[in-house]
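We call the chains A, B and C, going by the order they appear; numbering starts again at 1 in every chain.
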Amino acid sequence: MSAQPILLEVEGLAKGFTLHAQGGVRLAVLEGIDLRVAAGECLVLDAPSGSGKSTLLRALYGNYRSDRGRILIHHRGAKVDVAGAPPRLLLELRRETIGYVSQFLRVIPRVPTLDLVAEPLARRGFGAAEAYAKAASLLEALALPERLWPLAPATFSGGEQQRVNIARALIAEHPLLLLDEPTAALDDENRDRVLALLVERRDRGTAMVGIFHDAVARRKLATRLFPLPERTLAA
Amino acid sequence: MSALASPGYNFAYLDEQTKRMIRRAILKAVAVPGYQVPFAGREMPLPYGWGTGGIQVTASIIGPEDRLKVIDQGADDTTNAVSIRRFFAKTAGVATTTRTREATIIQTRHRIPETPLAAGQIMVLQVPVPEPLRWLEPRETETRRMHAEADYGSMYVKLYEDIARVGRITAAYDYPVMVNGRYLMRPSPIPRFDNPKLDRSPALKLFGAGREKRIFALPPHTPVKSLDFEDHPFTIERWAQRCQRCGSGESFLDEIVVDDRGTRRFVCSDTDHCETVLERRRGT
Amino acid sequence: MSEAPLLEVERLAKRYGERFACREVSFSLFPGEVLAVVGESGSGKTTLLNLIGGRLRPDAGAVRFRAADGGVLDLASLEEAALRRLVRREIGFVHQNPRDGLRLGVSAGANIGEPIMAAGARHYAAIRRAAASWLERVEIEVSRLDDLPAAFSGGMQQRLQIARALVTEPRLVLMDEPTGGLDVSVQARLLDLLRRLVDDLGIAVVLVTHDLGVARLLAHRLMVMQRGEVVESGLADQILDDPQHPYTQLLVSSVLAA
């Protein structure tokens, strides 16, 4: 069997924060991180709270700016370094290649759920009918009641909002998915539905990097654990 | 040619340098049809609003061999027409006439004669407000820029508003026109009825605004198109009646109340035209 | 999506005597991107917008715009009349105060219809239809087509201004604090509308605002200006979640949490 293509390569990644408002104190969070993820792998970041797991995910997504190192993503047949990518390229990467499921739904107010979920496909040029159809089938798979679809998620429960979040992140079928505690706010039943979806994606070739505290999620999804060193505060 | 009735005035009242200055402005105006050329208007012996612009233009081009016709609202015998004709008789001693066909220069306020003008004739029109965009834009700097850049969308806005509010374009006179496909122009307060007469007329048409100190021109054979919309095309006035004096059914009619009971008479506004048709009828 | 940028600003500067209102500003903008320029009063963001929109002439630098015919023109060196013609046809401008971008004396329909009449539209019914459809698009009742702007609320006037700015489908739209001065709920509705329109029409936008919430909601990219210079730029979420420059950190931390 031929080896699966490497979709993500991180080399010597370092990330810290300088708090200018507090006398310029520097927090070094990540240092010398190397990792590789292939298609069909789910890499679970294994480290205690506060070790920088979220920071790493955000750096991979280009949401946090790395200080040093490279983040190479397989995109449109070539390797692109997120760390130095210009805004236009990063936007393209996010549209086509890297998906991100955050812990909390960043609520874009007043937009109906179905529209929210369909939006990433509309951005990729899909027609409205097709985008809505896919959105509907995803929401069904996540057992979000149809009566909620025309409503904006602001008044939903945490679990309902999170399922909208997940649907929105999964709809574009990115080859690489970053997951930050996607099932934390869900009850067991819904958690299992989400995991089933994610496992299916993984088996179809999606590469994943995730943070899961939930043991069940780890067991079902993880193909490999990646330990992070404990964070040290720099002087 | 009659002798000068009043010595002590230069020929046609204005000094020769002024006439030259105005003729230069006229030449410029003729070179750019529809474009408003500023000129240094002089004090005239009558107030603004009474045709000082038109008079200055006529004074600058008239010569001893000319034959002048002056009309106001189409008639040779209204007060203003009579006064202006007398003015030129006094200061230039030129021959005057009421016959459109015999005139070399026709000064007019508010009408264009029914008789089509010929090559070699000059019509001088009196203009109160030369700027077609003034209703919308009070700043001279802005209107000049709009003309320079042919930025005329706002004129169509006015026509749009008319149709939206009343169902048709309401301008009854001084109806805006596009000259030579380039400049937006006000044809002076002539009725819509007269606009088509301007289009490619073989005569030279000069426009003088005394208070605003602008001269503009339509050289012979210049295309002049009244603004309209494709689905609301330009139309002229029509009457159900005919002239009760000469029977003409094609001229612009004035409605005159003749007694206390409100009896109305419709007669040609153009007195010379009415006279001509009548003579033809009588076979004279 | 084509690869060539719609707008390329290079080392743009504007000076008033010894003081630089804005200097060394460079960026590229592609179709469909919303770039928010944030900063406090006096930061130079409005000057920058006016330089891009041809309302001010720069003292240095270039503003290269890819026109509809494909040709690239440097607005900074274009002759006055040509510049105004280009801007009128291809660049939309939304003012903070809607009354600066509307003709208050003519109806809503005439306001929206004017740009297309200026571009040569000559069929009354078609113009009226286009105006009505845009009115609907900005969520104003079509029955108000013949009303004067004075009869509209502030939020409606702003939506009317937006319709007038977008009716000729410019590929680049400049907005100066489009939600400033409006009530909070009215602002929210307007932001939703702008978001939808930008998405639907694929226009590129340069949006000047001092409100980071507006920037987060509408913008893909952000540029932070302080005293005439760009101190930080990048993706909107990047700058707001991981501010690097001391001034940016100050700005971000100053936003009251919802």
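In the analysis below, contacts are C-beta pairs under 8 Å (C-beta built on N, C-alpha and C of every residue); 3 or more make two chains touch, one makes a residue touch a chain.
If you're wondering where the values come from, they're calculated on a predicted model, not measured in any experiment.
Visitor: Need the central chain here, defined by C-alpha centroid distance to the all-chain C-alpha centroid.
Guide: Minimum centroid-to-centroid distance belongs to C.
Visitor: By CA centroid distance, what chain is farthest from chain A?
Guide: B
Visitor: Could you work out how far the Cα centre of chain B sits from that of chain C, in whole Å?
Guide: 47
Visitor: Report the inter-centroid distance (CA atoms only) between chain A and chain C in whole Å.
Guide: Once rounded, the distance between the two centres reads 32 Å.
Visitor: Go ahead and note the Å separation of the Cα centroids belonging to chain A and chain B.
Guide: Taking the average C-alpha coordinate of chain A and of chain B, the gap between them is 77 Å.
Visitor: Help me check something: in the complex, which residues belonging to chain C touch chain B?
Guide: 81, 84-85, 88, 103, 105-107, 109-110, 113-115, 117-119, 122-125, 127-128, 145-146
Visitor: Can you name the residues of chain C that touch chain A in the complex?
Guide: 28, 30, 33, 188-189, 192, 195, 199, 217, 220-221, 234-235, 237-238, 241-242, 244-246, 249-250, 253
Visitor: If you look only at chain B, which of its residues touch chain C in the complex?
Guide: Against chain C, the touching part of chain B is residues 136, 148-149, 151-154, 156-158, 160-161, 163-165, 229-232.
Visitor: Where on chain A is chain C touching in the complex?
Guide: The touching residues are 17-21, 58, 62-65, 87-88, 90-91, 108-111, 119, 122-123.
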